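Both complexes shown next keep chain A, but they swap its partner, so chain B is in the first and chain C is in the second.
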Partner chain A sequence: MQEFYLGVDVGSVSTNIVLMDKDNNIVSKKYLRTQGRPINILQKGLKEIKNEINNFEIKGVGTTGSGRHLANIILGADIVKNEITSHAVAAINYVPNVRTVLEIGGQDSKIIVLKDGIVTDFAMNTVCAAGTGSFLDRQASRLGIAIQDFGALALKAKNPVRIAGRCAVFAESDMIHKQQLGHNQEDIVRGLCQALVRNYLNNIGKGKDILAPIVFQGGVAANKGIKEAFVEALDTEIYVPKHHEVMGAIGAAILAKEEIKEKRTTSFKGIDIAENEYNVKGFECNDCSNMCEVIEIYSDGKVIARYSDKCGKWTNSLNSENQKLA
Partner chain B sequence: MKLTFPHMGNTFISAKALMEDLGNEVITPPKCSKKTLEIGTKYSPETICLPLKINIGNYIESIEKGADTILITGSCGPCRFGFYSLVEQEILRDLGYDVEIITLDPPDGKPMELVKRIMKAANTKNLYKIVKNIVRGAKVLQAADELTDLANKIRPVAINGVEVDIIMDAFHSMIELVYGVDETLELIEDTKLKIGKVKTDEKKVPLKIGIVGEIYTIIEPFANLYVERKLGHLGVHIDKSLTPSKWVKHHLLPGPFGSKEEKEKWEAAKPYLSTLVGGHGRETIGSSVLYAKANYDGIIQILPLTCMPEIVAESILPTIQNDYNIPIMTLIVDEMTGEAGYLTRLEAFVDLLHRKKEEKNIAGVLPRS
Partner chain C sequence: MGQKVGIPQGLLFFDYYPLWKEFFSELGAEIVLSSKTNKDILDRGVSTCVDEACLPVKVFHGHVCDLKDRVDYLFIPKFISIYKKEFICPKFLGLPEMIKNSIKDLPPIIDIHIDLRKSKINIVNSIIKGGKYFTPSLIKISSAYNKAFKYYEKYIKLLNQGIIPMDAIKMYNSSITHKTKDNDNKPKIMILGHSYNLYDEHISMNVIKKINNKGINIITPEMIDENKARKYSSKLPKRMFWSFGSKIIGSAFAIMEEIKLDGIVYVSSFGCGIDSILLDIIERRSRKETIPFTLLTIDEHTGEAGVNTRIEAFIDMIKWRKKNEAHISTHG
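On to the complex of A and B.
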């Protein structure tokens, strides 16, 4: 029987799952759209993996991403880690002496600065999504281009158009204006790539020393146009790992492997949870003016988790119930 | 006269006790909540900094409970806070609320005017009585800040840190039920004893993080999304560079040559920033240097979006980060109540500090017991 580690990254736009062997080789990877239904998509991914590969055992599970705690509740993870650490760990796995990780995902983007394999500084975008994948997605569909062709088209451009990249709203109106002037599509697309990179470096990369070797990962790293724009702006080589879109999940799997070395046995609830029925119910607690929207997750009619209450009253009541049962 | 005041960390505890002892009827604004923020955002200028929005929410909620006089401190204006009382007065008047705002600052540098205003708020002309009570009020503030510090110290080493939160929440709801300085002090002492009884794990060695930045967002837990609790549960002992009791020492009861601590901060800031840039910009730089020198593991700067003095400080912090090899992270707070992204940053920062500390220990550069 083969032994694998499972890494899960539940993000706002995509849910990524990887199956990794003990030598950190990726056996299977799933890149699925979260579509606001993280639990179902997670189950769907597990089902696909189960059908693809026979006769294997999960030795450890790691979760990351903004939905990491939810994934932990469903899966029973051995380690729950934030995205920054997971992405850094994965990048080190491919480029051990990496100094800078550029990561652009669907709704957030980050920069991670490392030295000797240790994170020394990082930044994430704050309130603005201008420099992220969702923005590119939207502009591609406005231009009538499939997002997969976006990068290749950008590379064909000879005279990139300058587009304001500071804010998604301004960029969009600027782009429409340039279209109306009659600029051709590849020049506009290239201009958009440059605008996004400019925005990223000015916002996220502000005040950071961006030193080589540089690793570029996240869903947007698939876009050759953006990669080229980074190479142009930073005037250095940029490495895009093969599994760039699931690096968070790979990091989680590696961390799970390390955790298991000490912990020995996994808390994983088993691959069959893909068949379980989960229901999510929410209610508004009216005990104080915070009016928290408390979320409850039921599995087969039993509450397995409750969260999102500021005071912790509901979360804790569940814990004490569990303790009493045990 | 039914007095109220805005929330600002622990200040309401002492302001309430002090004003009650002076024989005023006090209306404590309800604890800051999403509703407070909603009201405040609705009636405030869109681009103003977060504290004013929460202030307005506090006032309106207090007025609904019957308050007719608002007591606030001014700062004679080294940042937008200097305009707060006037802007807030205008907003409330436009909304048709007939309330009086008493601002405790000397307009045009006229100290007598300040004394007159204090007499009005205190509801007495007996100066001896006023001074005596202010000293007692400062004592409550000191005790309340000590209690917060104690909670922040125990939380990261407690076996179950949530116990500390439960005690502190109970304390905050009990404040409504006590009257005057003596009862309040008694309640604080009781709570300290309770927190002292929380079981701790001696094996836990907390990281130390210094919190710097804009004063309101540092000391009002609602504004900074309860950063001290979150960090506490992540095993971090925090120290705040500014607290209400420090503010009182700086501004109300300075010695003949000003506050010693403030002077130290200015001195430490000198190589980077030698002049006033408004607000607490210079203190942020100075405190960061002092934390770095005191071997703290990291520093977090907190500011409300658009806070100019802190933006100036933010641009200087990377130099301090390099000079002293201490990680510094900036968190900007605004109207958001979604906490996931905020928590991710805190977790990642704490991870970073742990790894750095391990490295240091291995290298033997900075052995810690």
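On to the complex of A and C.
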């Protein structure tokens, strides 16, 4: 029987799952669109893995991403970590002397500065989503281009067009204006790549020392146009790891492996949870003026989790119910 | 029962509440507070306030809506300057007018002017004007102010000992005078920002408690002696003429020089003009001292995931760094 570690990254746009062996080799990876249904997509991914690989045992589970707590409830994780730490750990695994990690995901983008294998500084985008994957997604569909072809098209451009990059809404109107003027599509696409990179470096990278070796990861790293725009702007080589789109999940798996060294046994609920029936119900608690939107997760008719209440009344009542059951 | 004076729990509430409360109570008024900031107050504030204002000003509008039907007077002073040759944020200069324009059916507003920019004489007139709503006697007003000021001094003393305002407000008129000593081995993080952002548990999504609960000792600008902060901020090449600026920059510089700080978290409301300058000056300085710095921008968001992730990652990084330092020192 083979022994693997499971890493799960539930993000706003994609849900990523990796299966990793004890030497940090990736046995299987899944990159699935979250589509606002994280639980179902997570189950779908597990099912696919189960059908692909026979006879294995999960030794440990780590979850990360904005949906890491939800994933923990479903899976029973050994470690629940934020995206910054997970991405940093994964980058160090591939490039041990990495100094800068550029990560662009669906709703957020981050820069992580490292020294001697530890994180010394980081920044994430503030309230605005310009300079993230969603921005590109949106503009690609505006132009009627599949996001997969975006990068290759950008590389064909000879005279990139300047497009305002500070705000997604401004960029869109600027882009439409350039279209009406009759510019080539590839020049506009290249211009968009440069606008995103400019915005990223001015906003997130502001005041940071961006030193080589640089690792570029996240879903957007698949886009060659963006990578080229970074190389141009920073004037150094940029390394895009093979599994760049699932680095968060890889980090979570590595962290789970470390955790299991001390913890010994996993809390994983078993691969068969892929077959369970989950329902989510929400209600507005009217007991005080906060009017929290409480969320309940049911598995086979039983409440397994309740959260999002500020005062903790609902969360705690569930904990005490569980204790009684135990 | 005396007449009811309503005090909104917003903006400068955490800076002056004991002074205001004791002054009006001493004159026989009954103090009524608005509820703590909640979703309803936020919604009402956003819908009544002009769109361009910052989040704390909108929240303040919500507090006024919450109070206006249950009081005889609203206390909304017009803050112009609280120190010689300094100004407070421009939004405070027109606050009573803004409220009167945006919200209908208001009780009378006690909108005395607080202006110490040129001299301290003005403030005496303002105190008398405020007191005259309740008594014609100048002697009563003056003794009420003196008593209130003693409470206020005690409140400031508690803050300077490192007690957070939410707790100090409950303690200043009790017999408790000191706090239990912090465990010095824990990492220390300074949390910067305006008092009305930091200590409002709803707006800040409880960032102080969230950080504190992760085994971190916290320091905020209110814990630093005002004169000390002013001394440090005067080292800037250009005089800082915003009072908030000299307080936040001065206290940050003082702490960075005097103790070994592990990190700085700046909580800023989206679109704050003063913060845009302050946080850049502080970030540059912290970079020089290699102290990690992070910015939390807050607006009307109710999803806490963004704030939680940033706090968690920041603390992870600090603990990682600390562990590494310990590692080096044992071997070298």
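Methods note: the second predicted complex is superposed on the first by the 326 of 326 C-alpha atoms of A that agree within 3 Å, B and C clash if a C-alpha of one lies under 4 Å from a C-alpha of the other, contacts with A are read in each partner's own complex, and residues count from 1 in each chain.
The criterion applied here is as follows: contacts are C-beta pairs under 8 Å (C-beta built on N, C-alpha and C of every residue); 3 or more make two chains touch, one makes a residue touch a chain.
Quick caveat: nothing in here was measured; it's all calculated off a predicted structure.
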- Item | Three-chain arrangement built on chain A, chain B and chain C clash or fit | clash
- Message: Between chain B and chain C, whom does A:85 touch in the aligned arrangement: first, second, both, or neither?
- Response: both
- With the two structures laid over each other on chain A, which partner does A:121 touch: chain B (first), chain C (second), both, or neither? both
- Query: Now for A:280: first (chain B), second (chain C), both, or neither, which partner does it touch?
  - Reply: neither
- Task: State whether A:167 touches chain B only (first), chain C only (second), both chains, or neither.
- Result: neither
- Message: Once chain A of both complexes is superposed, is A:176 in touch with chain B (first), chain C (second), both, or neither?
- Response: neither
- Message: Per the contact definition in the header, classify A:53: touching chain B only (first), chain C only (second), both, or neither.
- Response: neither
- Could you list which residues of chain A make contact with chain B in one structure and with chain C in the other? 66, 81-85, 108, 116, 118-122, 124, 126-127, 207, 288-291
- Given the complex with chain B, which residues does chain A contribute to the contact? 66, 81-85, 108, 116, 118-122, 124, 126-127, 207, 288-291, 311-312, 316
- Query: Quick one: in the complex, what on chain B touches chain A?
  - Reply: 30-31, 33-36, 162, 165, 169, 305, 315, 318, 321, 327, 332, 334, 336, 340-341, 343-345, 347-349, 351-352, 355-356, 359
- Message: Give the list of chain A residues in touch with chain C in this complex.
- Response: 66, 81-85, 108, 116, 118-124, 126-127, 207, 288-291
- Item | Interface residues, chain C side, partner chain A - complex | 35, 38-41, 202, 270, 283-284, 287, 290, 292-295, 297, 299, 301, 305-306, 309-310, 312-314, 316-317, 320-321, 324
